[in-house]
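What follows is chain A paired twice: with chain B in the first complex and chain C in the second.
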Partner chain A sequence: MNTDVAMILLQDGLVSGAIYILLATALVLVFSVTRVIFVPQGDLVAFTALTLSAFEAGERPGTIWIVTFAAGIAVSLEMVEAARWRDRARALQSLLRFGLVPAVVILAALFLVPKTAPLVWKMAVSAGLITCLGPLIYRIVFQPMAAASPLVLLIAAIAAHLGLNSIGLHAFGPEGVRTEGFSGAPLALFGMIVTPQAAGVLASSVVVVAALYLFFRFPLRGRALLAAAHNRRGAEIVGISTVAAGRTVFVLAGLAAAISGLLIGPTTTLYYDSGFILGLKGFVGAIVGGMAVYPLAAAGALLVGTVESFASFWASAYRDVVVFLLIIPVLFWRSVSVLAPEDGLE
Partner chain B sequence: MTRASIRFAPLIALALAALSPLLLPTYQVAVITYVMIAAVACLGLVLMTGIAGMVSFGQAAFVGLGAYVSGYLSSQLGWPAWIGLACAVVAATFAAGLIGAITVRMSGHYLALATLCFGISFYFLVGNSEMLGRFNGLTGIAPVSIAGLELSSERQTYYLVLVMLVLVIAWCRQLLSSRTGRVLRSLRTGPVIAETFGANAHHYRLMAFVLAAVIGAIAGWLYAHVQRFLSPTPFGLTASIDYLFMTVIGGSGQLWGALLGAGLVTIIKHELQGLLKFVFGPTTRLELLVFAAIMIVVLQKARKGLWPFLEQRFAPHIAPVADIEPAMLPCRCAKPEHGLTVLSASHLRRSFGGLVAVDDISFDVKSGEILGILGPNGAGKSTLFNLISGVLSRSKGELSFLGSPLSKVSARDMCRRGLSRTFQHAALVQDMTVLENVAIGATHLGRRGLFASSLRLDRAEERQLLGWSMHLLDRVGLADKAFELAGNLSLGHQRLVEIARALAAAPDLLLLDEPAAGLRTNEKAVLSDLLVELRAEGLAIVLVEHDMDFVFGLANRLMVMNFGRRIAFGRPEEVRADTGVQEAYLGVAA
Partner chain C sequence: MTALLQIERFSVRYGRLLAVKDVSLEAHAGEVTTVIGPNGAGKTSLVNAIMGLVPFEGSLAFPAWPGASRSIEARIRARISLVPETRDLFGPMSVLDNLRLGAFALRREAGFDMASRLAEIFALFPRLAERRDQRADTLSGGERQMLALGRALMLRPSFLMLDEPSLGLAPMIVAEMFRIIQRLKDDGVSILLIEQNARAALRISDRAYVLENGAVHLAGKAGEIAADPRVIDAYLGGSMALADSGRQRVSGRR
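Our next item is the complex of A and B:
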């Protein structure tokens, strides 16, 4: 291997790493607020690319039906609950929240996205559809069992992944897609050839992570989320609704997944079931940060991207094996350092 | 249902299972065979997930390991299947031992994710291995043969699988009702109970992990020699998830749950597949959506699975009852003579960051004495308990036990040296019987381990340990509740069971953390009598309690703590007259 190849591999690794950073950040976010390890996030990434590709082909993406189906379930669950408490205000509120918002996006997707529409609009509608799925999944799967242990929530998350996987095959079919991305002539930067796609991915990733950081620092809603993440019980006592916190964080997770899907779509062929492995790689990054520390999680995600890129050069068949076996020493190190023998028992 | 019919239900089920191949068409027989193989794999998961509380998304990898080891030996080297079985078990033991040594230290979801990662890796490793036929698979595996008879027809393999299933169930049952099994069953509540009574929790977690892998490998061996063709797909992540879901849906806490789950899930999936293919075309996988929905509803509404639900419905209140005579342990060492110093502490100190929870505490306890520790909430009493019992390490100070100084000790060592304790919040294993809970206390007095209990060589020792536990239940007045589930007892009774369990460790020093909290007046009197008796036998007792009358009535000496410091130490009447104590409790300068 010469330096040129190494530089190309490194660049590739950084670009995938930038996408894994988004996934890792969202996973850490969701875990710290709800203790859910959001495995289905990867599925949402794949669904975004599949949705966009359907728009590009001038078809109606299957996502529309998935969102309709999920919103139907969520609204009926909410109605049953509202009827039990005889709470009319709540019924109205949840109709707006789980009925009207998805309905607007669905109608836009059905009627306002002709084949000739600009790419940005298609991207926006795809992202809108996927973002809707985040809070819907939270309402259906996780909210009724919010108090369960992280382990039980993990099993539920895997079940949710399985469900999305099977509905994905039904809605999108088994074909793989590649979407359009940032176009333009390659740039020369510090003696390296950088494609516009790579530059765009890196820039978008930085912007999104920065936006998330600002969201947590400044608006009251963001700080309420942080409070819920630190201490669930305490947050509830001072009047922060942990249900609302969970919902907000799943909106963010849906959005992050959608953006990752838009960024990764042009570089890799994605199938309905490609998401799981992607999600897991973001996850390995998140684990490096102990599911809690954002800068470390970002570093972990970059590491995963780079390892994967070099592994695919040396032993492409074992690429995923290398990445997943990498997690075991990392997990070991994390769990030993988390269980620092002295404190934590009181 | 009556007690007798419950008792014979497994036998009736077995007779039905033995007869069914004669009555059913070949196709059904083959389906049931695969259900039973899945049930074997799930039994491993019940041990690991339901019993020991570790979730695995990698069970199919161990099934695959067993299948590929025996399959390779059979198809490439022509070795007989029985040698393949031995090799599969050895390979699983080594692989799981190695992976487990790294991973079982991890807590909860970290471990689950590690199993998920090696589960995926196994699939890719096998799929890319030339030797194992890559994704095309391995063909030409010989059937199992017994005395020259090759078991190759559907009915023959059915009986092979049935026999193995029955053997594995019998093995698991045997194991779970032994000394080893009781510790395994306590792990779901965390490592604290095991460690307090002298068992190495990490060691037992590793044991559960290896057992699950070995049972998985047995299932894999069956699969290889029934199917006689192997490809990586049935051992991928999806299969691991299937096994886990079967176990959780069936009821992960019970062995029967594995059978129920494997049967239900396989049949539902199969039927749904047929139906949905008819509606949505041949390539649909929508049955997985239904399956996922069932799983989520089970997790939301009936987390313990379907088996406990059925049990409650059809056979409530039928607990197994055995005939156990109360007995003393034959080899109990003599108690130290009265008045000997059992524990002495000097200048103990423990800080958490900037907070000093225990500051410069010195005291001693003699055998045949009750030392009461008093103090307002937050005075450092519980921290002091944890320092003495080895749960926490001290920042400074000296401790000695029966004359020998303690440098760095764990809760486990302290139990073996002769210290035993109860907890402020009763920590019993709710779904074990009262007698079994008490017997956990005697864990370190037994010697028989995994192999002895697998082969039923532990019966004599079991009789002693259970008899000894019965004797102690008798002493705390709960002998009539011995076979009830601990979770069904009132809080007061649970505290008494804790005391019996602590006594089962045959201690020289007993630490009681608020034993009278939650007890009624007459129960307190019974407890008080018991403690007086124990003191007369030469036991040293340290008592933390808020009930003043109770403490002053019992204690020979008292120590009062406030803000981590000792503010008084002496006979009850001296302490009562102490101005510092009055100030701490009444908040005024007396």
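Our next item is the complex of A and C:
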């Protein structure tokens, strides 16, 4: 291997690492606030690419029906609960939140995305549909059992993943897709050829992570989410609803998954069931950060991307094996180091 | 006198363990109501259930705020606030952030001014102003308790529940704590005080309940409870003459 090849592999690795950073960050975020390991995240990534590809083909994506049904279930659950408390304000609020918002996105997807629409608009509507799914999954699967132990929540997350997998096969069919991405002439940077896709992925990842950082650093709403992660009871007694906090992080996780799907779609063929492996790679990154420390999780995600890229050069059939082997030394190192006790893990 | 809190035949259960059984209790506007009792009597379970943090059986009503018993958020909207025994601060966040989050529920209210709210709390606890940028989990025990109380006061509560505010604090800080509680009472805040430090608690209270093994053992005016021979024996460690002489004794615990 010469330096040129190494640089190309490194570039590839950093680009996929940048996508895994998004996944790892969202996993850590969801876990620290709700103690859910968000296994279905990968499915949302795959669904995003499948949705966008349907729009590109001028078809109506199956996501529309998934969101419609999920919103229907969520609204019914909310109505039953509001009726039990005879709480009209809550009923109205739920109708807006779980009924109106998805309805607007669904109507846009049904009638406002002709085949000739610009790519950015198709991307935005795809991301909108997938982002809606985040809080809907939370409402239907996790909110009713929010007080359960992390293990029970993990089991529910796996069940949700398996469910989405089957729904995905039904809604999208078994074909794999590739979507359009950033296009244009390649750029030369420090003697390296950088494709617009690679530059676009890196830039988007940086922008999203920076936006998340700013959201958690400055507005009181962001601080409140962090507070709910640090101390649930403390959050409850100052009026930070843990349900609302959970819903918000699932919106963010849905959005992160959607953006990852848009970024990864042009370089990897995605099937209805490709999401799990992608999510698992984000998870390996998150584990490096002990599911608690964001910069470490990001470093872990970059490591996963780089290792994967070099592994596919040397032993492409075993690249996933090599990536997942990473987790063993990482777990060993974490078990002997005293750094950052996993306070979220209880 | 209007009742702010009325509970009747109130029980808290953890699995098969009955922590609070058939308790009836009232707290009135402008008063300090105190619940004393030994460790494990169910005081914390009682107050956590009143706040809505743990499920309960029986009836719970806040007559002044219908609907407040529906959820924790509804209680907070009614300006009912709790300082829990475990403090439950946001450890890795700064003192200032902890206080700002105390007013989280008010942030959209008309006329709410975070800066003036903070200034009031800092005037009450100058120590917190000095440490405003420090992480909450690096504070001393007394400062943490001040922060927990300050965070609850950010809400400008109309009904404040304090769970063992003197627990684990040095005597001087305990005295300071009770001075602050007295001051809040003078400002018109109604308080439900849970204490093991019976002597100091009874001195500033209007109404008192003695909780033992999850049930109300004695109830009445604080003065009468303090004069009850059983209470003197069990909680005050001898004659009340010491307390009446105004000396700062903070014993009386068992």
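Quick note on the criterion: the second predicted complex is superposed on the first by the 334 of 346 C-alpha atoms of A that agree within 3 Å, B and C clash if a C-alpha of one lies under 4 Å from a C-alpha of the other, contacts with A are read in each partner's own complex, and residues count from 1 in each chain.
We take it that contacts are C-beta pairs under 8 Å (C-beta built on N, C-alpha and C of every residue); 3 or more make two chains touch, one makes a residue touch a chain.
Being a predicted model, the structure only gives us computed values, none of them experimental.
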| item | value |
| --- | --- |
| Contacts of A:Val5 with chain B and chain C, given as first, second, both or neither | neither |
| Partner chain(s) touched by A:Glu236 [first = chain B, second = chain C, both, neither] | second |
| First (chain B), second (chain C), both or neither touched by A:Leu100 | neither |
| Contacts of A:Ala224 with chain B and chain C, given as first, second, both or neither | second |
| Chain B versus chain C as contact partner of A:Met145, first or second or both or neither | first |
| Winner by number of chain A residues touched, once chain B and chain C are compared | B |
| Which of chain B and chain C A:Ala83 touches, first, second, both or neither | neither |
| Partner chain C, residues of chain A touching it in the complex | 85, 87, 220, 223-224, 226-227, 230-231, 233-241 |
| Complex interface listing, chain A residues touching chain B | 37, 140-141, 144-145, 148-152, 154-156, 158-160, 162-163, 165-167, 169-170, 174, 277, 280, 283, 287, 317-318, 320-321, 324-325, 327-329, 331-332, 334-336, 338-339, 341-343, 345-346 |
| Contact footprint of chain A on chain C as seen in their complex | 51, 53, 70, 72-73, 76-77, 81-82, 84, 86-93, 97, 100-102, 104-105, 107, 151-152, 154-155 |
| Sites on chain B touched by chain A in the complex | 55, 57, 99, 102-103, 105-114, 116-118, 120-121, 124-125, 128, 241, 244-245, 248, 280, 283-289, 291-293, 295-296, 299-300, 303, 352, 357, 383, 386, 391-393 |
